[in-house]
Each structure stands twice: as C-alpha cells, then as structure tokens.
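Okay, so subunit A shows up in both of these, paired with subunit B first and subunit C after.
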Partner chain A sequence: MSNSRILKSGAGALAAYGLAIAAALFFAFPIFWMVTSSFKSEVDISAYPPVWSFSPTLANYAQLFTELNAWQALLNSALIVGLATCIAMAAGTMAAYALARFDVKGKEFLAFEILSIRMLPPIVSVIPMFIIARQLGIFDTPWLLIAAYALSGLPFVVWVMRVFIQDIPQSIEEAAMIDGCSRFETFWRVTLPLLLPGLAATMVIVFMFAWNEFLLASMLTSQEAKTLPVIAANAIKPKAIAWGLASAAGVMMSLPVVVLVLLMQRYLVRGLTLGAVKG
Partner chain B sequence: MAKSGTINAPALQLGATKAVRAGEKSVPTLLLAPTMIIMTIVGLYPLLHSLYISLTNYNPTFGTSYSFIGFANYARAFGDGQFWYSVGLTLAFTAISVALSLTLAVLLALLFNQYRFGFVVLRTFLLIPMLITPIAVGITWRTMMMPDLGVLNYLLSLIGVSHLSWASSPSSALASVILVDVWQWTPFMFIIIFAGLRSLPKSPFEAAAIDGAGHLATFMNVTLPMLKPVIVIATLLRVVDAFRTYDTVYIITRGGPDFATDLLSVYLQRVNFRIFDLGYGSALSWIALVIVLVVVLVFVNLTGFLKLVADKENR
Partner chain C sequence: MAINIDTVYKQFGALKVVNGVSVDIKDGEFFVMLGPSGCGKTTTLRMVAGLELPTAGRISIDGADMTYAEPRHRDIAMAFQDYGLYPNMTVFKNIEFPLKIRKLDVRERARKVEDTAEKLGLGELLQRKPSQLSGGQRQRVSLARALVRNPKVFLMDEPLSNLDAKLRAVMRTEIKKLVTNLGITTIYVTHDQIEAMAMADRIAVMSRGNMVQVASPLEIYDRPKTRFVAEFIGSPPMNLFPAQLKAGGTVTCILPNFAHSLCDDERAFAAQIVDGNGGLLLGIRPEHLIVAKAGAQGATDALVELVEPLGQTTNIYVSVGDVRFVIVTDRTTVKAGDTIGVVAPSELLRVVANDDAVVRH
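Presenting the complex of A and B:
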C-alpha cells in the first residue's frame, strides 16, 4: 500500500519534471538559437546539419555598427523611448492621482476613454500621423515618435498608477496634511516614496512596449530617426538575408528589456493587466 | 499653503474617501490636463483627420490636390474581397492563437503551481519570449523554420519526421505564424494566470479534497470559476493585441505565400504605403477600428470586464 503510494508520487514527480523541462526547452530554445547564431561566422550559420559547437566571433556585432549604423539607431531608440516614457509617466501619474484621490466628474467615462487608447490598433493612426507629420515637417524626426509612444504609454500609466495610488491608505496622506503639509508636499514627501516600486514597474512596461515597437517606427521614419527594430528589419532583404547580423541586432535590442523586466518581475503582472491582477 | 484649519470637516469623517480641501477645486483639472492634451492632440485629432481623409481620394503619388468623394471609399471597401478575406483571416488567427495560448497557459500554470525544487528557475524561461523584440522573434523563427537549412527540420529529422515546409508553403504558413504567436505570447497569459492561481484562497481546495473530489472535478468546479476574472483580463488584452499582429508576420512571410498569412495589418500596410491610396486606406482603417471595438465590446459584455474592474475599485 505505502510502497505503491511512494511509487505513484515518484511517477508524478517524474512526469511533472518531464513536462516542466519540456516546456522550458520549448520557450528557451529559440532564444538560445538567436544568441548562438549571433556569435556564429558566416560559414557556421549556413552549415547543415546545424553546428552546435563553433568558435564564437564578434564579427556580426562589429558589422552592426559599421554597416547598419547601429549607433545612431541605438541613440535614437534611447532618446525617443526615454523621453516618451518620461512624458507618459509624468502626465499619467498626475492624472492617476486625480482619478484616485479626487471626485472628478465623469470619472468612469474618462477612465474608459483612456483605456480605449490601449485598444486602438496603431495601423489606424499611422496614416493621419504620416500626413500631419509631412505637413508640419516633422516626418522622420524623433518628435513624431516621441509623441506617438507617449500616447500609447499613457493608458498603462494612468490605469496602473491609479491602482498603485489607491493601495496607499488615504489616511497617511490626511495625517501629513493635518500636520501642515500642502497637498503637493504630501505627495512629494509621503506618497511618492511609497509609490516608487510601482512607478519603476510601470516605467519598465511602458519602456518595453515603446522600445519593441516597429510598425509606427518603420512608417514614420525614413533615414534620420530610425530606431533599433527598424534597422534590424533592414537586415532582412528579399535576396540576401544576413542571418548572423539580424540575430546580433535581435540580441542587442532585446537585452535591455530582458534585464530590466527580470529586475522588476515582482510587479510585472500588476502592470501588464493594467492593475487588475495582483502579482 | 493651506493649513490644517482649512480642511473641510466632512473630509475628516471616517470613511470619507476623497479629501477635498479649500482652494483645491481646480487641482484635479490641472492634474488631468496634460493627459487630456496629449490624448486630444496625438490621439483624437489624428483619428478625426483620418475620418476626413477617408472621405477623399487623397493619394500623395498623384500630387497634393484631392477631392471630396463622400462615402465612395466605404462603398468600395464593402466590395473589396481581399479586405474581407484579411478580416476573416485575422479573426481566425486571433481566435486560434488566443485559444491555444490560453489552454497552454492554464496547463502550464497548473504544472508550475507545484512547489518543487528548480521550478522557480524553469519558470523564468517561460517569461522571456514576451520580452524579446517582436522583430527579433520574427528573424529567429524565420531562420529556424527555413525548410532546407533550418534547425527545426533538422531536429525533426532526428526523430523521423520528414521535411516540413513551414512558412514557405500556403498550406502551412498560417499554422507557422500562429505557432510563433503562441510561442511569444503564451508567457504573457501564463504569468497572469499563474499569479492569479497563486493568490487563490486555500480553503475551497481543502473543502473539495474533504469531499473527495478528483483532480478534474476540483479543477472544473473550484479552480476555473475562481480563476475566471483573471482569465478574462488576460484573454481580453491578448485578443486586442493578437488582432493587430504585424511585426512577426511582416518579417516571416510579409503576408505570403499566396496571401496565406495576409493579416489585416499587413494588408492595410500594403494599401497605405505601397500604393499610397491613403483615402481608401483610411476608410479601411476605420472599418477595422469598428471591428475591433465590436469584438472588444462583445467580449466586455459577455464577460463583465468593466464590472470586474469596478469591483476591484470598490473593495
């Protein structure tokens, strides 16, 4: 009796490990393949059967900077995404505070309206943005993408920060105000320090979506304001595809997001679900 | 700076949620202003502009002059078989991909909900695909799926599966891009559902165990109903994003071969930025927007998403 139970639980554990390892392999293998491909020479990458051990080379990464102008794209990405994230965070947190702490007329409608931006497919706004940008002469400048990414980040910030602010008991703020702090002082000295983890998590998510965005970036830039995903896509030409180069570009642009998000893992679920699910 | 004496008396009462202080009437408006300004200028105005363009025959390749043609673009759209084909394909892609991701995510969440040595590390691997830039995902899968040189066909040949053509044949291209989508976004649903599973109360499960319910019965009658809110949110967000899939398909197939993966966003991109038929493209975009809204509203009504969020608020 007890023997069979041990056997049964042993078989259960074995099955659980087998499935878990299979799942991890399925999700990790393409990443492993991308990273190793980025270090392969041109000969190794087109070898068949595929080579598993090879002498790694940095040639692809060097080529990124010499041929694809990756420095400029990296700077563009950092500037555009950084500024857009800051604008969305500042404006969105202010709005979130208003929605969380004041009685605003038509609050639910407002919140829904902000949420509907999240639903808007970018392919719809790309044409008017393209036309307006041409008329204003800001096509292919960073400003256009900064505005677009600030907009698409806003609903995340408003919805998620609203929940994070609601998590902070109002009584703490009231106590500070009774002690003579102004509303702003209270926010700055009491609420903000408590909000920092939430702010950081939200920022990482807004950063991630803007950093990875391709559709708007590819259609609203042509030369000067290209971001990393755009130059990576350029490595794919119909005839000669530079796989090593493309993989290196993939690794380079994915790395910052992976590192940032893994650091903020604890708050990720909250942010991704617009505050609705607690991680 | 307002001192304590000016605090409104009612605001101090227990249970008063909104403390409005003297001289603060305009504060919420000021706080909301930047968001409203950005939303109006960058969000609403381009949309309205697009509505206007959709009523014209604007095409920059024919010069800057254009004329107002009423609803002709919309009439044309209703007869555009290629467009409705893309709409249907996108809906099918979204439905299949989200259903597969959801099933897989629930199963994985149940699997990883066991406390076993090493599971935390293995779980981290399940997180990474959603963080990879979609363009990089497309590049990597396109490399792996090459019929003659790709590593997938090599690995399959080791276990005796013969040569698959993946994204290069019309019959398997859609399945291939769905596979990539499932790979990339199951992690998104997984971490949300996993978090939901971890936060469930213990007692209903104990009660079910005492009643002698089996694994399946417990799952169907206890786990699933309690998990519903979380599943609804994850699915809604995923549906919205799957509907706009562009990057990976653009890299892997560009809508081909033979239009087998010609998703809506790929088709719209072609109308707009290959032939620059911007008036017509705007009309199509608006129809697409209405479709998304209908899908979302139906979904929201079916599942009570807003009520769910409101409940969260009132707790």
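Presenting the complex of A and C:
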C-alpha cells in the first residue's frame, strides 16, 4: 500500500508519472523508429540528420512479400511456434502439477534434471540435432523445429507453472475432491481456471522465445520450413543492410506478439485468487 | 452413519503422527478430537476424509470398508480451517458445486442452494465472490457447501480458529444447533477446550498420536485419567500432587489432609498405574477446594501468594511449604499474605496417572 501513499502527495505523484513516462518513451522509441522506417524510402532512411516528415511508401513491404517470400515464412512461424507452444504448455503444466502435488520419489532431482536442458547452450545441440534430423528425414520440415521449440520451452513451463500451482491453496483442491470430483476433474474444473493468469503469462513468454528464435531456425531449415527470423536476416545483404526491408520484417514479426499480449491481457491481471482462503 | 476407526497408524517418513488410534463413533454423534497442535487429530480426520491414507489399520463408514476409498466415494462433507472456497466462483456457484458434480437437475440445484443459503443467512450474498465476504460469512458459505447435499458424515477441521473470539462463540452455537437438528454424524477437530466442552457429545483428548481418553465432556472434566488430560482441560487446570497408594486402598499425598480412599473402579485403575511406572497423582479441581479459617479442623493451613478477582470467580494462589496450588472461589476478602485453611473434600479428589502411556482409554 506504500505505492498509493506516494502517489497521493503532489510532488511524489509528479515524479512518479515523470519517471513512468520517461521509461515508456525510452522503450517505445525504437519501436516507433522501426515502424516509421518501414514506411520510408531508401533515401529517407539514410538521410542525415534524420527526417521526421516523409512521404510514406509500401515498397519495403512489397519487397518483403515478393523477394523474401514472407507469407510462407509467416505461415511456417505460426504453425511451428503455435504447435510447439501448445505442446510445451500442455505437457509442462501436467508435469508441473505432478511435481507440485504428488509424492513423486526423487522429485527435486527430476525437477533439476528437467531444468538441465536449459543449461546447454543451443549451439552445442545444433550439430547433433542436424545429424539426427537428417537420419530421420525430417530436416527442413516443420516437425523438427516444433520438437526443438517444444523441448526448449518445456523446462521453463514446468518450473514456472509449478510455482503457480503451489500458490493455489491445497484446501481448495481437497474441497473439490470431497465435493465429488476425481483428481482429474479437480484439476480441470477447479485448478485450471485458477491457473489462467499463470498460464497466460507463461504462454506469452514461451511463445516469444520460440517466435524470435534464430539460431536453430537458421541451421535446421533450408527452404521449406524457414521461419520469420530467418528471412528477416536476409535483409542483411553482403554489402549493406537494407534498413527499410529489415524494419518491415521487424514490424511483421512484432505484430502477432502484440496481438497475443492484447488477447491475454485480461488474464495477465493478477488477483484472481485473492479471498479464496483466510486473510 | 457410524464410523469405525480400527488401530489406525500414520507415518510420514520416519515421523509417526498417529499411533494406533481406535474408536467407534456412533450414528448422529457429535465427536470432538481435542489436542495441541501436532497431536495427530487433523491427520486422523484427514484419513477419515480420504485425503490421507493410513499406513496401517482400517476405517469403515456405515459398516463399509473405506480405508483406501477416494474422498468422493465416501459421501462425506468437510469444512476446512481456511474455508477452501473456490475464489473464482460466486457464493451461489460455490454452494452449487457439489450438486453440479453429482449432475442434479438445474432447477433442483437452485432450489437446494437457496434453501441452504437461507438457513445459514447467506440469502443476500449469493452473487458475491468469496473475496467480498468477511471471515464469518466465508465459513458460513463453506458450511452451506458441505450441508447442501445432505452428507452422511460431516468433518470439520478447526473451522472456527480463524475467527475472532466473539464470532467464534456465535458460530459455535450455530454449528451445534444446525448439525444436531440435521442429525449428521460429525467429527470436529479443535485445540480449543471450551469449544470441545460446549459442543461435544464425546471428546477424544489426543496427545502424540494417541487418544488418551475418550469420554463425555463432563466425564473428561470430572475424571481425567492422565496428567495430560487433567492439565489440558479446565482453566486454571486441575491441582495435581505426587501421591502414594497405601495398604487398605487409601491414596495420600504430601499434604496430610488431602487423602482419598479408593472405590472399586478406582482401585483397578490405580493398580494399573502403579504397575505401569509408578507415576500416581492425586488431583482436585480448583473450584472443589474449600476456603476455611486457618487452623480449622481437617483444614490445611496455606499462605496466600496472589489473589486474582475475575468478577464472577476469584483465583487464590496459595503455597504450603514449597507445594503450590490454586483455589477458585466466589468473591472473597482474602488478601496476599494471609494464612487460610484449605479443605479438600475426600470424595472430590481424583486418582490421575502421571504419564499418558500408562493408560489407553
């Protein structure tokens, strides 16, 4: 409650708002610059000092869709990242539930083991994954990246969701079981609705990691399964960087994430679990 | 429905929490398990609920073996210390939940929820969320949710301990009236002796995973079998003096005028204690001691150390040599420093075992 007290005094309020606005500007400016640059012509972009007013053009976007085949990459990204996120969320949340609620032997070791996947730098796993994929004949198909992203998202989901599940008082689940639910019904009808804020937050993060992932995507695809970050990198030409094209690709990559966060916002607001138990 | 608990043990790893508890709870009985925290009362309750499984032993409800049955198959209801309400549902939805799980018809559900809510004074609050309710209201919702489906057995795990003292007294009578009227077999867990005394048909006093004594509230109060029970029930607690069993069946203690001849029942009990490990005590409730003039016939002279006037009663703390005890009387003019005579009526003195382990109810 100390926050609201600071906000009540005039000078404090002014300082707080000032700082908030400064921080917002600091983070918003690069995005603003990226969006405007994507509508600038080559000349306007390289102008020095930078120009603030210019005649907008869609040339960069046209180039993105024709030369770089962005539609295909967008579809690939959506399919791969969407499926991988769903798999990681579903499997991870169930594993987290088991680790949070059941008396599993060697539970701490298991949890640590799951985390250990994240300790490996991705570059280490690229070569083996490349060889395995070749052997299995799934190189340059979406399945390879789906598996890779689901696996690398899983430990994060397990660890974060475990904490969210532990935060839900056990007596709520026990009440449900006594009220007539099986363990699964308890999870589905009582626990899951209370987990929505946690699920939303975790999902956004897992999605963003996979959506922006470049290294695995560039090494494990060649033509068919290319994702957005890979084609965006094509804006870096041998002699110079095509800033307009890069900006357009950046805008296109950011949009789905922005939409996702807006959709999830309602769940990202915490406080749903208040008042369940005493206090 | 009758509940039978038969030599039930529960161990968590190396920790023994419940050590062979056996008790028969009768149909419609209000049974209270009373004890300090860590005595195994909640674990015993949770084993009846099916939320914990016993390490050994058997639990049956209405004659059917329920030792390892899932909670939902036991037809029990439970009220939790922290209420266990579903925070994302309204009061109506909370109370409706068990009926919904049982797939009752929608109209039937609404009727039952409204009936139960009315009975518990929740009629106005049906559309609120638990976070918008006071502690007392939340506990009432949890009671309503338990009662709405007419369970065979009602289990309550310290349902009042998060409420303030005044509300606790009110809810105590409400709960007692409610379940008595409905005739539901109830097991109630508490660490509050007043709650136990006021509500129970029978009390089981528990210590270190054992039921030390199981009896009616007044029996427990009047004839505690062990030091633990004698000191746990009653405030101030029973006065206890190290004692010896004399030939001819008289028990004497360090104060010569405090002596008690055993009746037949007590004789057997006393023999059991002496056989056990020799820890025999003579006890008397503070309000059973009579204040007389110093030097009076049959009285023991005692020095008054402290007087606590509580309004209705007065506590007088006295000493005889280095033996200290307390007397509860009506209002009195006795002051600290006075010497008074104390009479202990022989028939009100009790034989008490020094150690829990000596006696199993």
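Going forward, the second predicted complex is superposed on the first by the 226 of 279 C-alpha atoms of A that agree within 3 Å, B and C clash if a C-alpha of one lies under 4 Å from a C-alpha of the other, contacts with A are read in each partner's own complex, and residues count from 1 in each chain.
The rule we apply is simple: a residue touches a chain if its C-beta (ideal position, glycine included) is under 8 Å from a C-beta of that chain, and two chains touch if they have at least 3 such contacts.
Nothing here was measured: the structure is a model prediction, and the numbers come from that model.
Enquirer: For A:Met177, select first, second, both or neither according to whether it touches subunit B, subunit C, the two together, or no partner.
Expert: both
Enquirer: Please indicate which partner A:Pro169 is in contact with in the superposed arrangement: first for subunit B, second for subunit C, both, or neither.
Expert: In the superposition, A:Pro169 contacts subunit C only.
Enquirer: Quick check for you: in the superposed arrangement, does A:Leu194 touch first (subunit B), second (subunit C), both or neither?
Expert: Second partner only, subunit C.
Enquirer: More subunit A residues touched by subunit B or by subunit C?
Expert: It is B that touches the greater number of subunit A residues.
Enquirer: Based on the superposed arrangement, let me know which partner A:Ser9 touches: subunit B (first), subunit C (second), both, or neither?
Expert: Once the two structures are laid over each other on A, A:Ser9 reaches no partner at all.
Enquirer: Taking the superposition as given, does A:Ser222 touch the first partner, subunit B, the second, subunit C, both, or neither?
Expert: Neither partner.
Enquirer: Of the residues on subunit A, which ones does subunit B touch that subunit C also touches?
Expert: 174, 177-180, 182, 185, 272-278.
Enquirer: Under the touch definition given earlier, write down the residues of subunit C that touch subunit A in their complex.
Expert: Contact set of subunit C toward subunit A: 49-51, 70-72, 76-78, 80-88, 97-98, 101-102, 129-133, 135, 138, 142, 145, 162.
Enquirer: Which part of subunit A faces subunit C closely enough to touch in the complex?
Expert: 169, 171-172, 174-182, 185, 190, 193-194, 272-278
Enquirer: For a test of understanding, state which residues of subunit A touch subunit B in their complex under the given definition.
Expert: Subunit A residues touching subunit B: 13, 16-17, 19-21, 23-24, 26-28, 30-31, 33-34, 37, 46, 48-50, 87, 90-92, 94-95, 97-99, 101-104, 108, 110, 112-114, 117-132, 134, 147-148, 150-151, 154, 158, 163, 166, 170, 173-174, 177-180, 182-183, 185, 208, 211-212, 214-215, 219, 228-229, 232-233, 235-236, 243, 246-247, 249-251, 253-254, 257-258, 261-262, 265, 268-269, 272-279.
Enquirer: Considering only the defined contacts, which subunit B positions touch subunit A in the complex?
Expert: So the residues of subunit B in touch with subunit A come to 1-4, 7, 11-12, 17-21, 24, 27-29, 31-32, 34-36, 38-39, 41-43, 45-47, 49-50, 53, 58, 60, 108, 111-112, 114, 116, 118-119, 122, 124-129, 131-137, 139-144, 148-149, 151, 154, 183, 186-188, 191-192, 195-196, 199, 229-230, 233-234, 237, 240, 243-244, 246-247, 250-251, 264-265, 268-269, 272-273, 278, 281-282, 285-286, 288-289, 292-293, 296, 306, 308-310, 312-313.
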